[in-house]
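Letters A, B, C, D and E mark the chains as written, and numbering starts fresh at 1 in each.
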Amino acid sequence: GGPAQQKLTVTGSTTILPIAEASADMYQAAHPGTRILVAGVGSSQGIESVSQGTSDIGTSSRELAPEEKKLGLVDTKIALDAIAVIVNPSNPVRALTMQQAAAIFERRITNWSQVGGHDMPIGLVNRDEASGTRDAFSKIVLKGRDFDRTAAVLPGTGQVRAVVTESPGAVGFISLGFVDRGVKAVAIDRIRPTEATVADGTYPISRVLHFFTKGQPKGLAKAYIDFVLSTPVQDAVVRDAGFLPIDKALK
Amino acid sequence: MTDKLASQDPGDVLSAGADKFTVDGLDFFYGAFNALSGIDVRIKEHAVTAFIGPSGCGKSTFLRCLNRMNDLIPGTRCEGKVRLDGHDVYGPGVDPADLRRRVGMIFQQPNPFPMTIYDNVAYGPRLHGMRKRADLDAVVEESLKRANVWKEVKDILGRGGLTLSGGQQQRLCIARVLAVEPEVLLMDEPCSAIDPTSVQKVEDLMAELKDRITIVIVTHNMQQAARVSDYTAFFLQELAGEAAHLIEFDRTATLFTTPRDRRTEDYITGRFG
Amino acid sequence: MRSLERVDKRLTNGLALGVIWLAAITTVAALGAILLYVVVNGIGSLTPAFIFTWPHGVNMEGGIWPTIQSTVYVTALAMLITTPVAVLAAVYLAEYAVQGRLVRTIRFAADSLASVPSIVMGLFGLAAFVEGAGLKFSVLAAALALSFLLLPIVMRTTEEAIRSVPRYARWGSYGLGATKWQTVSRIVLPSATPRITTGVILAAGRAAGETAVVIYTMGTMINAPLFPSDGGRTMPVHLMLLAQDGINLHAAYGTALVLVLMVLAFNIVARWVSRRNRSMQG
Amino acid sequence: MSAGSPREGQAQAPAPQDRGPAGNGGLSRISRATHLKEALLRNAFLVCACVAVAGVTLIFVFVGYQGWPIFAKLGIGEFLGGRVWYPTKGLFGILTLVVNSLLAMAGGLVLGAPLAVGTAVFLSEVASPRVREVTRPAVELLAGIPSVVYGFFGLVLLRPIIARVFGGLGFGLFTVWVILGVMIVPTIATLTEDALRSVPEGIREASYAMGATKWQTIWRVLLPAARIGIIDAVILGMGRAIGETMAVVMIAGNAPVIPDSIFKPFLTLTTVIVMDMPYASGDHRTALFGVAIVLFVISMIFVASIRVISRSRGEGD
Amino acid sequence: MTDKLASQDPGDVLSAGADKFTVDGLDFFYGAFNALSGIDVRIKEHAVTAFIGPSGCGKSTFLRCLNRMNDLIPGTRCEGKVRLDGHDVYGPGVDPADLRRRVGMIFQQPNPFPMTIYDNVAYGPRLHGMRKRADLDAVVEESLKRANVWKEVKDILGRGGLTLSGGQQQRLCIARVLAVEPEVLLMDEPCSAIDPTSVQKVEDLMAELKDRITIVIVTHNMQQAARVSDYTAFFLQELAGEAAHLIEFDRTATLFTTPRDRRTEDYITGRFG
């Protein structure tokens, strides 16, 4: 027979929400009679609810904290999120060090000439507080220090990209998957962000997205996770959402 | 002095016929403004009584006291006695709606309802519970005939009342009132907004109706008052902002030929107003 | 000297009138620019597939049907709740109320309600209906919150409509022995109906375009609501999310165009109703 | 009584249904049923009218209940007077947001009010009937366009243009001013036009008859005569501008600081709610409701001041 | 026939004094409606000319042709010649604003501006460039004195013009016009909305003013026309919807005692209207 449960609850990271939702839709369309409920409540909440059993899968865009390691959760990595620092293509700056990137977003550096570019004020573009990308960027690049508060706060990746595309002095950060020809992703510590450098872990601003289950996934949960890991989902849904397929990294 | 005059008159004039309305010491207030003061008058049954006087002297106000239309204006107050067939119109518990059915009213501006001619006339009977189509048909035809407008509208009863000419509209309004069989008809300058031919028709109508209905008419047109009325009352507000009084009330023929008050004479000879 | 002065006067007059013309032209141009921009960019998206299919994928490709359905549903429900209350309230104010403290309070409350920022109304809906009354994110919660927003609007237009019924028409009815309610229900309200309808349609246009109230009371879930207890995502909310995301601007232009066309349709219908009414009375 | 007595007349009358006991030539009393029905209806209408009062009260209660704790916790002074809005650090001072909202409103007003009054004067005094037929619907349509569409328009068309012309990112007060300026035109223009139309025709004629030009008449007589109505309209426009959310959030840039240039991003009272609500919890969420209370109170102040101004006219001339 | 009459008259009457206005073959249209047709009239300098006629016969319309106030009503058209001191009022390049300053106008409803009494009177001079306070003070005092209202308002010049009584308001409006030194004063039923005492004052005023100013007055009140005017013109619209004509124009004394036209006689004896 089919899966033991006909209903699955997936809660957690808002970063992962688009992947979880879209693949849930696709899965349900392919398997009538199943019901997958997806909610974005934040990574911590997702980890908590899966460990308490109120949901079947907890999604998280961060690693488990030390005390969470004891909860008996099984980790399935489902995608890679690399964050590119983007500038306008007309900007001659091609590379930054991690320190420079941090200094720019803390506004300790305010002019492109300070990092080898033209004499032009830097226009900072930040994401909103609810953004997982911002959260990751802040942890990895700023090491938890504060963003400059005069930066523009935009609520979406596409907006950041559009602004950087149009404004010569702008700088922002978006998921690597959304980088297009309108913007230029700069190298960080001399590593250019590509699928290869992300996959091999040399590009420094990246993270892994996780599905956590209480014990080994079974039944519908397993079927759903397998579906998410399948090539069609990895190549379409995960990329659409701006992330990189996990198979490139681990296989 | 005015009061004395007004209270003397009735004695002389009233001998002639039965009183439909008896008004004693009426004072009327719009909020704090005392518009009418000490009005005494008797309105004769089956006669036409005209109210004349300069603009703003309270003719309309007084007319509207007779069927309590003034009740509808917030902040107004009426003191004194108004009796219809001896019954106090402002008595406790009196139903103003029923009073108004019995004391119909025609306004200066023809005011057909925005519905068909038929429905305009049937409106009143329907209000008061008539439902059968045949009865309504009969009342509508009868009323339009009595109002002298049947010939003009009998083929277009389904058309909107507002599509008629001003004069036809006014006669339609009269038909509408006649349909509820009022005992008194109050007309507030019924002819001042309509064409001369229609004026003629309305005046003829009044002459026919007064056999069965008591008529009170407010008019600015002294000639009209002289033509149509049996009795005439002259109102005057002597100073702006003060209350108006009834200056003289008499048979029309007497009042127009031998007015007792100099102010009446001044007015009818056009010395002011 | 006098003639010099006259030239000066005429010159000032000409200049000032020119500035006034300019103001009016600017206003009309602003409207033109918005409409033109939305139409030019959105017209390509305006296919039956876009209108009648569901959105799909991470960045909302496909159509916008459920958002149209949600918009129509919540607008209709809000009008259904608002209209009777607002009309009867207006009847009270226009026909029954005597000037006094109570009426002043009601008017002040209505004016205040009309000027509550819609974001505040949204939070109110969230606190009162979604959470307080336990309605969750639902069409009903959104319709209730919207109806507080629309109530003063419909009340005002209805009151004006009722007041514009000539008093002679009322007097005619009272003069025939009608009671107050008979007069109101048979003469006043029927005469005022076209103008009331116009006001209601315009208010519906307002409801259909409202974002801040709906987003906190109906949520953002893509759904074709069937019951009032279902959630959904209206077109303005969809447009807002697409615009914020900024990735699928095609869909955003298309949604904006459909939304603007809908509001335009409301306006045109309202205008038509009032025009037809005018020509019937004339 | 004579032959054609009223009772005969009545005999033919359609019999009213609820004629009271004294129907016999005397005056009938109001029947109990009629009286009850009318009273019942009247009270039903009154209840409906009171829904507006209930609405305001409910808003106050619910939003107040959710938002009041932040005032209690921080004290009114620190909440309203605190300069730093930094929720993740537990800092909830909204002075910056208040100042930004006022800046946005003021600029929108400076651009929008003259445009609106000019348009209103055009509609009521200058335009020929045919031109008016076109202009007035345009103004009304402008009022009908949803604010999210204004925001979208500002974001995708206006902002890039401003970025190109003035440098920077295109987010900021200037962009918001332009959009708000256009958005408040219909509010102010329609009310101003009403005010101008309610100036008696005789006054216009008198002015022209003294040899005044059109502009002299407008400037010296009509605008002063309509001034109370215009002030009311402008205050309503202010309310609209300060409460506007969806249009502003897309083009303001949302940085929680007082900008040092009109081309720099800024965050307002309304936009902070949209930006933070999705993830706020605890004190942060309470603070957002606190912001809603502030907005509510500001809008009430506007309404009340319109009252006061209109009343002073009643007492004045 | 009417035309003939009207064009005959001037010859007789005009011998008396200089013509301020000469009107020849004036036709006036409200859109498609021809309100006035073939009006020929001469208005004498330093005299009072009265226009009389039933309501709606175009008296006001004609009056407003004289200072081009009708220009302000969209869709109106004026044909024929109107000359002021021999200059074509409708000629090319004529500034209607300047014309209106020279030909002042008083309306039926007193219409002070919603500003202080002082500012009301100073309005005109300011319009035309007077700025100095002392000059303005002088003009205001002088004009109010000439308008017979100085005594009543001299201590309350800072009060709103609308706080005055109707009669005072009307005299204030006259003062306001006098302040720009008009050569002609057009008055459209200036007394029909004010109290009798004020009427008296306005009539006295006209007698004083006509030494320096030409006055044209429209009035419904035949007694008033007879009292105040030197010349009288009688207008009549014989059929509703058709154009009105000038029926008779003559010295007031002649027209009222020996009217040449039967319709004039009918009107002044009150047989219609």
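Note that in this section contacts are C-beta pairs under 8 Å (C-beta built on N, C-alpha and C of every residue); 3 or more make two chains touch, one makes a residue touch a chain.
Just so you know, these numbers come straight off a predicted model, no measurement behind them.
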Chains touching both subunit A and subunit B: C, D
Interface with more contacting C-beta pairs, comparing A-C to A-D: A-D
Chain at maximum distance from subunit E, centres defined as averaged CA atoms: A
Superposition rotation for subunit B onto subunit E, Cα-based, multiple of 5°: 175
Whole-Å gap between the CA centroids of subunit B and subunit D: 47
Centre-to-centre distance between subunit D and subunit C (centres being mean Cα positions), rounded to whole Å: 13
Intercentroid distance (Cα basis), subunit E paired with subunit B, Å: 37
For subunit B, residues that touch 2 or more chains besides their own: 97-99, 101-102, 128, 180
Multi-partner residues of subunit C (at least 2 other chains): 9-10, 177, 179, 243-244, 249
Junction residues of subunit A - those touching two or more other chains: 154-155, 159
Subunit B-touching residues of subunit E, taken from the complex the two chains share: 165-166, 195-196, 199, 221-223, 240, 270-271
Footprint of subunit D on subunit C - complex, ascending: 9-10, 12-13, 16-17, 19-24, 26-28, 30-32, 34, 37-38, 84-86, 88-89, 91-93, 96-97, 105-106, 108-113, 115-121, 123-124, 127-128, 132, 148, 151-152, 155, 177, 179-181, 202, 205-206, 208-212, 216, 236, 239-240, 243-244, 249, 252, 256, 259-260, 263-264, 266-267, 271
Subunit A partner contacts - residues on subunit C that touch it in the complex: 56-59, 243-249
Complex contacts: residues of subunit D adjacent to subunit B: 1-2, 4, 6, 9-10, 12-17, 19-20, 22, 25-31, 34
List of subunit E residues in touch with subunit D within their complex: 67, 69, 72, 74, 97-102, 104-105, 107, 109, 111, 113-115, 123-124, 126-128, 160, 162-163, 173, 176-177, 180
